[in-house]
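Read through the structures below before going on.
In the two complexes that follow, chain A is the common piece, with chain B as its partner first and chain C second.
This part shows the complex of A and B:
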């Protein structure tokens, strides 16, 4: 018989995607970037990136255009608030949910 | 070495022999002399530990949690309202699976304010996930403390060693102090698999979602419920571990052999008194007196209360005519907790013994041998249908 192992299950995690749980499911409002208005997207220059800077969950990339990881974005809306170009609109999450049959 | 000392010093000596690394405590009667003794050991350089005086029991347990998480052998001690003040951290320590050892010099709970002995403090903590061991005398205090460190680190569950305030904590009794070499050989070093380590950083006990989740390696990581189920399973598994540790202790020191319950004259008895702590030794006088009257009666002290050793309890009790459970605590509005546990353990047995519940000694009310003799004599005589309401022994006026 295998010897019984104690404390096999602990609450233990490492820093990295997924180890805090898929928090995207908490989202009620989804931030959507309008790339025709977003400064780096529109100019093609690595400028602004306020959304990347202010996102408390670090789920927005510092790229052209910036990309939001909806697996983890909780929909707090800080990016939309901080965007100087008003390029981010908070949209009702339910419209993105798969329709029930 | 033979010593004549108080129960608190017996406990402190056990902690010293177990080479605790971190001690954090806040004084409360009747536990205070224990941690005073430990601070003396540390100040004199006899114990290489960090002694951290804190501003409350809640902080004492918080320090123990941090120390234990960092791989230190942590110890604290308290009593009564101090234990209750730790409550939130006690549940945390158990859930975090930290092998902290704590002595509780049992004392009644205010209000009204009392400093004297009963068991309401630790009984109120029975559901928190701590192992609870009740010592009956000074020898069992020092031995239990050493075994507690072994048990705690083996099963990753904190252990409370409980002993009666004043009755044991402040009285002087002879006991054997094991040699340091022997304890070092008996107690393995504490080398936790999971601990706070800057070279291997992990988060422990952060928000854990209701459901399982894939971790960063794609493996299924447990949710809250799996982690709690694991604690329960390990509590059950620690019964066998305690038995093994007790056997090793007996081989090394020549004492032990009753890790769960300690029976006295129970073998051929028709009636058995069940209780915890020093009362079970006090009852031996009562049993001797009643035996002389021709009564076939014994007493059984329950030493391991959580996890509940129901197998040992059922084996000892299922063939008896009657069981009398004497308790220094109760679940208000219901019954004594030990009584309810024993009753539930015996439920599957055929011809269940008759059971009676007695509450006594609350807030240090004196327990006289003569009153116990009379109470048991009457209880055995009047074996009418079991009354589930506990009877109160020694009430002197009633509303």
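This part shows the complex of A and C:
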């Protein structure tokens, strides 16, 4: 007989993304980065990264150019507000929806 | 620890997963992400019911990658003491025991547990994110709700009492480190958390956290509103190391510059809609007096 182990009966959550589902579906406006204006993308050097710093959901990468994970981006628009170069534009999500056949 | 962190040398490690249940534009998202970056892997979190419990996730998925203990509302400080005692018994030094609670769980319901932990001198870090009402249950007034704010339990005319100064209550326990920070200045928060975990004994950080859904502003304005609160002088950023009070970062530079009128902060949010010109002038006078004290 296996020894009794209390920890087998504990409910324990496993870490993983998407606890709230695909939160990208909450989005009404989609942030789109214009890489010709974005400071690190334009110069090719690590600089700025304000969008990465202020994103509440950690969906923007600290890379050149910064990449937004649209699967989970909730579309709050903080990145567009905090971008010093105004390189992020909030575009209507409906234009990215798949076209009906 | 004097060297300030910049965006470029801030760690890329993430301890919060995307796709959590926080509202779009949640100030707590920024606070939690940044604070966990500073705390690192060797951390145990103690969380009472709050917006953070919602953010943290429901079984079977957790939105954080760190071990986290969900405890009852009134016991955050006591539970953190217990976790620290368990770590001591297992001879695991160097583990950060961090209580992460909302303003209600800190200043109203959990204040006796916090006071007890501070008085006993337990080696814990207590972070209070102050969104100035019970947001998770639907915007009810709390002790830290500022005067004049309309909530669901203070409708039409707004709250008539003044905001409770929790950092001052905690400072009265003469703890080794106490600081205030803001979600709008994550690097400042990061430095303060880093500094706090180097100290032994109880540490307390009070973080001003804008809440788009509860305060009535667009989610994109979270950081702007947070910065406005600091620039108007309504929320001062300071730290107290062994009782030495000093203003930090943007609040320190605000000493020599003229402050933004508080009206611009009130006008940007729906929750201050009940304030008339007279009340705003009165609140401006209060802020001016507080800052005259800082300059003193």
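In this section, the second predicted complex is superposed on the first by the 86 of 101 C-alpha atoms of A that agree within 3 Å, B and C clash if a C-alpha of one lies under 4 Å from a C-alpha of the other, contacts with A are read in each partner's own complex, and residues count from 1 in each chain.
In this text, a residue touches a chain if its C-beta (ideal position, glycine included) is under 8 Å from a C-beta of that chain, and two chains touch if they have at least 3 such contacts.
Keep in mind the model is a prediction, meaning the values are calculated, not measured.
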| request: Spot which of chain B and chain C makes contact with more residues of chain A, would you? | output: C
| query | Touch check for A:57: first (chain B), second (chain C), both, or neither? | reply | second
| request: Answer with first, second, both or neither: which of chain B and chain C does A:16 touch in the superposed model? | output: both
| A:46 contacts which: chain B (first), chain C (second), both, neither? | second
| task | Classify the contacts of A:72 with the two partner chains as first (chain B alone), second (chain C alone), both, or neither. | result | second
| request: Would you sort A:99 into first (chain B), second (chain C), both or neither based on which partner it touches? | output: neither
| Looking at the overlay, what does A:81 touch: chain B (first), chain C (second), both, or neither? | second
| remark: In chain A, both chain B and chain C touch residues 11, 13-22
| Which of the residues in chain C come into contact with chain A in the complex? | 7-8, 10, 12, 14, 16-30, 33, 57-65, 186-187, 212, 218-224
| message | Going by the contact rule set out above, which residues of chain A touch chain C in the complex? | response | 11, 13-23, 26-27, 46-50, 52-59, 62, 69, 71-72, 74-78, 80-82, 90
| task | Could you please specify the touching residues of chain A with respect to chain B in the complex? | result | 4, 6-22
| field | Contacting residues of chain B [partner chain A, same complex] | value | 95-97, 154-157, 193-194, 201-209, 213-216, 221-222, 224, 226-227, 229-230, 234, 237-238
